[in-house]
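The following pair of complexes shares a single chain, chain A, combined with chain B in the former and chain C in the latter.
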Partner chain A sequence: MATVVVPEVPAPLPVAGVGRRRRGSSALVRAARTRRGAIGLSLAGLVVLVAVVGPFVAPDSPTAFVTTPFAAPGGANVLGGDTLGRDVLSRVLAGGWVLLIMAAAATAFGVVVGSVAGVSAAYLRGRADGFIMRTVDVILAFPQLVFALLLVSIVGPKPWLIVLAVGFTHAPAVARVLRSATLDLSERDYVKAVELQGMKPSKVMRSELLPNLVSPLMVEVGLRLTWSIVLMAGLAFLGFGQPPPAPNWGYMIQENRIGLSSNPWAVIVPAALIAVLTIGTNTFTDAIARVMIGVDRQGDDATLASVISTAGSLP
Partner chain B sequence: MWGEVAPRLVNSAVLVAVSGAIGTVLGVVLGAVAALFKDSWFDHVSSVVSLAVTALPEFVVAIGLIIVFSTVVLHWLPAVSLLPPGTYAWSQPTLLVLPTATLVIVIVPYVLRMMRAAMIEALESDYVEMARLEGLRPGRVTFIHALPNAIAPTIQVIGLNFLYLAGGIVIVEDVFNFPGIGQGLVNAVSDRDIPTIQLIVVILAAFYVFVNIVTDVIALLASPRRRLGR
Partner chain C sequence: MTTLESPTTATTRIEVADLQIRLAGGADVVDEVSFRVEPGEILGLVGESGSGKTTVALALLGYARRGLHISGGQVRIDGRDLLGLSAAQLRDVRGGTVAYVPQDPAAALNPTLRIGRQMREALAAHPAAAEDPDARIAQVLVDAKLDPGSGILRKYPHQLSGGQQQRVAIAMAFACRSKVIVLDEPTTGLDVSTQRHVLETVRNLCQSYGVAAVYVSHDLAVVSGLVSQVAVMYAGRLIELGSTERVFSAPIHPYTQGLLAAVPSPEQAETLIGVPGQPPRPGRRPTGCSFAPRCGHATQRCTLEDPTPVTLDARLVRCLRATETAGSVLRGGTVVAPAATRSDSLLTVTGLDAHYGRFQVLRHVNLTVAPQTCTAVVGESGSGKTTLARCIVGLHANWTGRMRLEDTDLPAGTRRRDRHTLERVQYIFQNPYTSLNPRKTIRQILHQPLDHFRTVPADERPERVTRVLQDVSLGPDFLDRYPDQLSGGERQRVAIARALVVEPTLLVCDEVTSALDVSVQAVIVELLRRLQHERHLTMLFITHNLALVRSIAQTAIVLSGGEVVEAGPVEQIMEHPEDPYTIRLIQDVPKLAHRVSAGSDGTSAWQP
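Take a look at the complex of A and B:
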């Protein structure tokens, strides 16, 4: 079989990866400059700061018994004692970073698996498309939390498993969004051009399609991050997080709620931190979506922005 | 096993049906009002509040309600249900209030945002303009011409909300110790009771598929455009 000699292409095609990537990051900056984006970013940043700096400034060890169970705030214990007489403030300060790392890891895993599946399904078409999208349909037939619980029930509550389980439940939604975005792109002339030059499908997807999917991808990352935090905290609340002595905002709410009438702060503070964090990430994601669509004014966003955040963010 | 799960299933079905119905009606009404009074204070407040609430985990909403209505601030309602497994929730209706309220708060924003967007689009459309120009009364234009066309796209989101409820009840039932299948699932996972897990997961998945089909059929019936060839 004769080899087709492809003439050297002098200049890179107009849709080079670098330019697109810069546009993506500038959208992040533009989103942060809107009022909504700034509010979201500072709310989330505040909680991340508490979680990251917290372990170093905690007055007591999070597992030391320093006061009476459900002691009222005051004296050495600013937020009082928890169900076993440990310092609530120290547990709050030490109990956030694991949740954040697990949520970030689950988001990364879910978005990578989902994008690979979605882009390949749309670009390869045919049998690969059918196989991937039917698998997606099957996974989508279970509520996310129920699917994660199902995986946990098989292997037991290991942190890595919870990360994989939550990430895995994100993949179908990401795959669907990226598949429909890729379907539009793969008919464009520049894709046809590199195909005619004999570029391998895997290279086409990586260097021609992916850089142009940055916009929907960033919105997806934001949405999935919010839901990762919600799911992670929810699983921890149900008792499927780190094993008990370790502090965790989700589990603190569970273990301290029997003492709500004696020391409500042991429940209110971790619940408020989780709430501020998810509201922050969601608000910032909304700001990104608005910048992407090109609507900055409150009134005109109606259809597009709310369709994105409505349909896309449901678990 | 079925004998143990059946009463839980009935309790959960009541919870999902009641909160789904209230949430849908409330979302449609509030969304329509927000659209009718676009850019009013109500529109701005509802849009900010719904953006915030969509991000809240259910157990945070639930704990907030418990703090306000049953422990720290007020003592109006029971914080947890003490129903033994196998009894039905409506024997003590006050037990249903907080779990229902939690689920309603969580699902309303989605319907509200979609309804608002669809209603604004409908109100700006040519046929509503035509109806206005024909001199029809504003109430008739809103309720007969705009509203039904705005509800059609919202049906998909209402369906998604019922799907969401299938997962949402797991945490909400655990918070309120409500004897439904969600609590049954959490207990079964803690005990590694695999047959019960399988039964409940299959029930939830069947509900998921059922709601998907019903949503598609209703959406088809509600919008004549989709009935024509693809």
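Take a look at the complex of A and C:
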């Protein structure tokens, strides 16, 4: 009789780099460690710092009349006076945080709505896909700013409405990116494996697909945040922000531009802050996208493809 | 330039000496590789994935993949060192003097150009090869067993079958009268019958044109009937190099012995012995012998001392204990297949017709699987075997007929099946690289079915998961790893564990080893065989590899063109096939031409 010899399978050899690895959040940390990411993060962080700490360190009340209209910088008013003789520095310091919160809220709203729409369209296919994506096409047909203006002019410049309007106009772009990423993923065997258990579609999307969509999602959040800031500032410039006399960087550019020759700082400083913020967020997003490509080389190349296609394609 | 024409090397077609290829970081992935190939001779370069065999093959064209560079040694073709050539000279050599046949012809042929145009382009790049390009093309097509009169030149690549595409690629390689041809696993994606024809074509062409060829493969059975010399690579080095007959009939290096024992035999039902463990990653060779961590013969000395190649029994071996390992035979015992005489059935499929759109894939398929047995479904690509599996598990719903699991009906599609039925039928996917969610730990992957079906109380689930992981020979340290930290074989074990964790009644395995190396395949098949035995599983084993069937199944059905052409006990089908299709299929299975001769008493001489 022959003896059956089956060698014992020994414990696997220790492989370098094996151990618990944090994912997702580590991409942010790693992006911040790259040169590009560090520059982007510090630019954006600087402006956020001004907006958050500003209200507490402002020398004057942003609505108090402390000097002559368009007073030149100097003395008690480091950046001079604005169109009504209020302190420009105090208004700059106090006028950022509302803008930031509204931009962040709009981004969150837009990305959530857009991802739900995009992932469901791709995973459910058929009629759901057709209905969602045609709706998306209709929304896309309106220019973002025009759409927001339309809503605001009908209902009035309420902050929540502006947030919803801006967020809503982001949803189609997010939906398109996530749909293409999900289409690829939903054909994977690991998705088929849970379908074989009869898992509900909503759960498949939540627990199997979503974790693999982290990379395109992070990039989308960054891109939409940049775009939200620009839109929010633009709407404020057009007078659809908080009602005056509340300070707002966008509206400051508008109200002070008539005095550009007497006190240019009242326009330059808020404009520069908005510019630095958007450059910062966009640069950091770019760094995330680049790091993600590296992360996904070991992970899943479906997301990789969509990250590459998204990276650097700011509207 | 370094055009050496020394008389001593003039007769040697390919001479590779001390080839070394490094990563950009400095670690070498290929080191101390030397071999010679004479005109008309074929050298087989074999090894597991990651052994560096393709890297060496590409170096014969003076090429290194991105991130790698050839850092030392010589590659001489007719005495001329390719590594000293300029980019322009190399361009002339590639396709001209040295031709390359890639693994996947579908990816190598331009899908938008007709075959004729592509072949003329190849000849246009090397005008010296033929006076009349069209005549030359017609001739190599005939040589490659393709009919130039059939309008093949006017066809696009997608209009050809996989075998035809590969023969076009081979014809293109021979068209320019190359002196050297490098073939990189050209038959891996092909059916056995097609494979046999392609191999014959390669053999005849090399002989009649006096071409020296290097044939890269992980499949020893394929190589054994084709090449005259075989070079076994491990971790970037040659570990055994000699004539095919000597190396295959009396392997000396334990790794070669392991690889040979892993090759399934269609002639006998025997246990397969894989090579456990996995090779070091490229550039991370351990100190001492690279194979020592996986070697059954390894001693203390092996882990400390780097072996140098020694000449023994007319071949080169890189093993410190070569004299002792020579003659030891690694061989699985014969499996005593339990007689499949059970008349009851667990799964009954009657009159199954399956469609994709309007295209009918399966025609009136009948199948019964007796409880606690393994039934193999064998067929070539396009035979409908995977569709059959997908109908049974519920992934494919477009079918008519009747399917019963014990005393319940199986409706079409997962949505119409209840939770209990879904739990009882489990499926293992072909490709372990896509069947595990890359963002989940092994713990999450194994807990998921338990959390879904909830038939096991929550506090017993962790224990159940650890036990099933143990059953597939993985330690608890795997629980917190992610799939990308696992090798292909380990991933497939996790996939098996995921299917077994809910204790299914029927396990459907769809080509579970076709994405794996032969040495890993043996380990997985043995594992499945053991589990089937221990857990009294009923298994449906889908495969294109007839040789595997003997090692695992008791009954088999053979599918061709969506119809069952033969069904019965494995022994009967393999020994006395009746259908002409089955007969041809069995004949075309590549077999080791020089089987290792077992010890006189037939027992294994080597115990781990």
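One rule holds for everything that comes next: the second predicted complex is superposed on the first by the 272 of 315 C-alpha atoms of A that agree within 3 Å, B and C clash if a C-alpha of one lies under 4 Å from a C-alpha of the other, contacts with A are read in each partner's own complex, and residues count from 1 in each chain.
By our rule, a contact is a pair of C-beta atoms (placed from the backbone, for glycine too) under 8 Å apart; a residue touches a chain by one contact, two chains touch by 3 or more.
Everything quoted here is computed from the prediction, not taken from an experiment.
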| item | value |
| --- | --- |
| Which superposed partner A:V29 touches (first chain B, second chain C, both, neither) | neither |
| Touching partner for A:M199 - first (chain B), second (chain C), both, neither | second |
| Touched partner set for A:Y190, first chain B, second chain C, both or neither | second |
| Comparing the two partners chain B and chain C, which touches a greater set of residues in chain A | B |
| Which superposed partner A:V53 touches (first chain B, second chain C, both, neither) | neither |
| Chain B versus chain C as contact partner of A:V230, first or second or both or neither | first |
| First (chain B), second (chain C), both or neither touched by A:V78 | neither |
| Residues of chain A that lie at the interface with chain B and also at the interface with chain C | 298-299 |
| Residue ranges of chain A in contact with chain C within the complex | 1-13, 15-18, 20-21, 23, 188-190, 192-199, 208, 211-212, 214, 298-300 |
| Residues on chain B engaged by chain A in the complex (per definition of touch) | 38-39, 44, 47, 51-52, 54-60, 63-64, 66-67, 71-72, 79, 110, 113-114, 116-117, 120-121, 156-157, 160-161, 163-164, 166-168, 170-171, 174, 185-186, 188-190, 192, 194, 197, 201, 204-205, 208-209 |
| Residue numbers on chain A that touch chain B, as the complex places them | 141-146, 149-150, 152-153, 226, 229-230, 233-234, 237-240, 250, 253, 257, 260-261, 264, 267-268, 271, 274-275, 278-279, 281-283, 286, 298-299, 302-303, 306-307, 309-311, 313-315 |
| In the complex with chain A, residue positions of chain C that touch it | 270-271, 273-274, 276-278, 280-281, 284, 293-294, 296, 330-335, 393-395, 414-415, 417, 419, 422-423, 426-427, 429-431, 434-440, 448-449, 452-453, 473-475, 477-478, 480-482, 484-485, 487, 490, 498, 523, 526, 530, 602-604, 606-608 |
